[in-house]
Amino acid sequence: MFKKVLIANRGEIALRVIRACKELGIKTVAIHSDVDTQSLHVRTADEHICVGPADGALSYRNIPNVLSAAEITGADAIHPGYGFLAENAHFAEVCESVGIKFIGPTSENIAAMGDKAKAREIMIRRGIPVMPGSQGELRNESEALEAARKIGFPVIIKASAGGGGRGMRVVNKEDDLFRAFQAAQAEAKSTFGNDGVYLERYFIEPRHIEVQVLADERGRVVFLGERDCSIQRRYQKLVEETPSPAVDERLRREIGKVAVDAVKAAHYRNAGTVEFLLDKDQNFYFMEVNARIQVEHPVTEMVTGIDLIKEQIRIAAGLPLAFRQQDIRITGHSFECRINAECPDKFTPCPGLVTRYHQPGGFGVRVDSAMQLNSTVVPHYDSLIAKLITHGQNREEAMARMRRALDEFVIEGIKTTIPLHRRIFNDAEFQKGRISTGFLERFLANHAA
Amino acid sequence: MFKKVLIANRGEIALRVIRACKELGIKTVAIHSDVDTQSLHVRTADEHICVGPADGALSYRNIPNVLSAAEITGADAIHPGYGFLAENAHFAEVCESVGIKFIGPTSENIAAMGDKAKAREIMIRRGIPVMPGSQGELRNESEALEAARKIGFPVIIKASAGGGGRGMRVVNKEDDLFRAFQAAQAEAKSTFGNDGVYLERYFIEPRHIEVQVLADERGRVVFLGERDCSIQRRYQKLVEETPSPAVDERLRREIGKVAVDAVKAAHYRNAGTVEFLLDKDQNFYFMEVNARIQVEHPVTEMVTGIDLIKEQIRIAAGLPLAFRQQDIRITGHSFECRINAECPDKFTPCPGLVTRYHQPGGFGVRVDSAMQLNSTVVPHYDSLIAKLITHGQNREEAMARMRRALDEFVIEGIKTTIPLHRRIFNDAEFQKGRISTGFLERFLANHAA
Amino acid sequence: MSPSRKRARSKKTRRPTVTLPARAGSNGLSGDLRADIPHLVDLLKRHGLAELEWECEGFRIRLRREGSASPMVVAMDSAPASAEAPLESRTAPAPNDTSGKVTIASPIVGTFYRSPSPDADAYVEEGDLVKKGQVLCIVEAMKLMNEIESEMDGRIVKILAESTKPVEYGQPLFLLDPESAG
Amino acid sequence: MSPSRKRARSKKTRRPTVTLPARAGSNGLSGDLRADIPHLVDLLKRHGLAELEWECEGFRIRLRREGSASPMVVAMDSAPASAEAPLESRTAPAPNDTSGKVTIASPIVGTFYRSPSPDADAYVEEGDLVKKGQVLCIVEAMKLMNEIESEMDGRIVKILAESTKPVEYGQPLFLLDPESAG
């Protein structure tokens, strides 16, 4: 086992990793920028090293300084958390080359999974269902028609250079395809200066379902159930839960088997997440593999009892998985609310000094946060300041617990997303589990009206 | 289900009950004395009523004021917590007579279990093993000899009016009995003015094992595993855990069956705890039934996932138990540390203003506390200010978690038992599970030396 | 319970509380600050300070001594609204002008009645002169009518609770001016 | 990485930090009001002050003594005495007397060396005059020797880090007096 782990991150995930290390009896080194000197992750670690100024590119992402910090403190492994250097294949490679263990997938894994086209190819070769779409850009209307027929309507035409809904056209039937193709092409050209468009199957109200996997260095792979992360705003997850209200035992086994297959196809190591899109007819399509521990990993921990960070560390230390697929039991239901330092209506970041702070407690409530009284939320980094996680015997209990825990959470001095979470958890559709990736935008529009 | 519950208590247990009510959608009424106006339980409840001055006898134990508070707020049930009116049979009876449901056992249950001789008799009739002892007081040496021979040596002679070790004599063999009897009698007379003594079997290094039971109003009874509460100082529990390191699956079933039997013999209702003494040879003896929810109930919740306060409320509302014995599954291991506002060496209460406060968090950590920054620990009540509870996949993980959570807990301005807990959790014997009711006194003596 | 017991209970629970202006001012203090006052006074005296002012999260306290010989004056500013809210009396906030006046608070929890029965006259009206021992109202608790008597002579300046409404322990019922005892 | 890149890095990361007296100074207060009161009273008495007012994150305390002839009022900066304490350098605390002097801090994380090799002389000694651009030390990081140069002329007043020991980003290495540039 490692003697000393350097945590190349900050905030709640740095504290999360330090806690796991402490419980494993491993010494910890925190790194920090010069605005994070007083941060809880710095105070909680055994040692701490300032690695640069506020700008993350010059501190938390500064590979020479982070590696020097590991060297001068004698750390034998680095946990990257999520974000910053977590999915930087070059960093993982440099760690490997200087003999410091990178706690995560191999640099090859990161590189392969980071290249979405390559990852998609690997999965197609393995026979894993991927998002149906055209093979690259469409040169003309007839290519579009051919692709659309193959995929099946409705389809969506997207600009290759696009984003934010520009250059997109949903097409429900063949008759509308040509006009939509031309319009999308023209809009793409005028907006992005590039008329390249491609085509995908259009899903109405899909769910974002992801499967947590663990793979040890001997290639043994298990999955730990799924997470439903459909509550998103502009691809930013806000609420996650497990099990998904849309996934029954049969589907869980099926999608889990595919996830394990995907991971094996990629020769993937350590913890990872296989993301799927689930349509209304229970068809699921591979989207991507997240080659890191994720923000929402705690909900899986709550229902399995398995500490995913400890498993990451054990796997990286070369230990085989201590359990088999049949040993993993899903008990109860869990939710996570991401509490961001943001105005809850407009989602503008709201840094500042925390003038009052009190965490909720009691049965089935977990708080992962590096906040404390008189903490300053600095504007340089992610606005996630706390994760509020609840567990209950069933979805109703976990939900009721979240409502009362949200009521108990006191954070003053800055604005947070807590009021929005309260509204979501009081929403009748949400309570029934009728959620999709379109839920939040519609919910916000309704509430604004 | 009840519409509104009055919580006839304060501190962490009042907050615990309010949380359960909130999750069940039941309105809450907090009562408080005039020094508890700013307490968290008062702020968290839907309504609050001042019922008297600081002295608990005039406020929290003031039956007319507490019942009037229920009346004027329209509460249809009262949860007594533990302490105060929780085991007051008269109060339970008055509640019943005015049509306010007392959430707990019946007044007859409380009366019967409160009379230790009566409870013992009920158990003996049912064939439940009780603490071997003389039948009442011993009139002379020959009665003492007869009783001691029947029970078997070693025995302990105790003063009927005694306490605190005065008038006690441990006797290892027959030859020493007469002199010890006379000495104990003389000491009892001089100390308490009453020379009545009795005799019990003396156990070397026994464990305090208790079984949590739930009995619904239809008489269905289940048990939820045992708790090991051997870490005590002068009969005050300080650390509790479940499962007990001394209880294997066979013994668990056996002792559980006896506990269920005891509860059935007493026609007991609602939540209760059957306390046993477990000797080194795995023999167990009934001590008493605690007719209330107990301080240490959370460890049972952590390993079963069952919310005991909610079950109390459901049972009181006339609902049948929603699960059978075979549905109850013990998962992992849990510890509780009682954090008291006390000097950790001398155990003198340490009331005062809390000038810094930060709760530990993360996976497997639960805090039940009504403390917050700028809370004042008043000298009028119990010194228990927080319960720190951890859960892990096994004893080692739960213990490691407790160590790191104790390190994270920040309470300043008052002294607490946290430093003592740290030392206990670092003790090799404790870590091996080699504990008994004598552990703490010996531990303290060793550390003082 | 018998009527005789009722009377006994009524006697027993009849404990009108006199709230002095100094105590009324404690409305603006939280428990923690109150705990610190002795500490502050001690500091003032021990170090021979003339004045000590302390402000903390919405509270402000100023202790001032007039020379070494004159008695200590404790002046308290009424606190602004803060998270550490003062005791909320549910129906009647404490009046601001309490100088020299006395608050009669409920000694028990129950329902406040200004008259012995719905069609009877009120025991007292605002402006009435009352004598020590005179019944001012009834607080019903556990089906018992508890008569609350005045502890001193004076004039009822204000009735602070509403008839037929619940009152909690310590809730102000009447403001009485002993100076106007006539 | 090539030697030429090494030199470029050294240039690029050379950013000595100027530490102003205001930043280095600490008034010794913890921000914990209760703990600080005796300290404040002590200050008042020790310096024969008539009045002292301190405000910090919602706290404000004013102490005044009668009988002191001195009309002087000490105003304390409210900024530094907060939970957000100044940057803690791990091995070398900033010296007290820094007026007019400049701290040269490490621009990278690594190991500090005062000489180019174990048997070579140190680049500089305390008391030495140095020129802008002169190499003062090496910080080794990732097996690269990064030369740290002086940003200005002056005299090395103090060497703040120990040779062969690790230094973090921003850690003071030298105290330089530009006035003594000669």
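Worth pointing out:
For reference, chains read A, B, C and D in written order, and residue numbers begin at 1 within each chain.
We take it that a residue touches a chain if its C-beta (ideal position, glycine included) is under 8 Å from a C-beta of that chain, and two chains touch if they have at least 3 such contacts.
Keep in mind the model is a prediction, meaning the values are calculated, not measured.
Between subunit A and subunit C, the least number of touch steps comes to 2.
Relative to subunit B, the most remote chain by averaged C-alpha coordinates is D.
Per-chain Cα centroids separate subunit A from subunit B by 43 Å.
Mean C-alpha position of subunit B lies 39 Å from that of subunit C.
Subunit B and subunit D have Cα centroids separated by 56 Å. Across the assembly, subunit B contributes 353, 356 as residues in contact with two or more other chains.
Those residues of subunit D in touch with two or more other chains are numbered 33-34, 58.
Residues of subunit C touching subunit B in their complex: 9, 13, 30-32, 35-36, 57, 84, 87, 108-111, 141-142, 166, 168-171. Interface residues of subunit A facing subunit D in the complex, by the touch rule stated above, are 34, 37-38, 48-53, 59, 64-69, 71-73, 98, 355, 373-374, 376. Against subunit A, the residues of subunit B that register as touching in their complex are 15-16, 19, 22-25, 44, 298, 301-302, 305-307, 331-332, 356, 358-359, 361-369, 372-373, 393, 397, 400-401, 403-404, 407-408.
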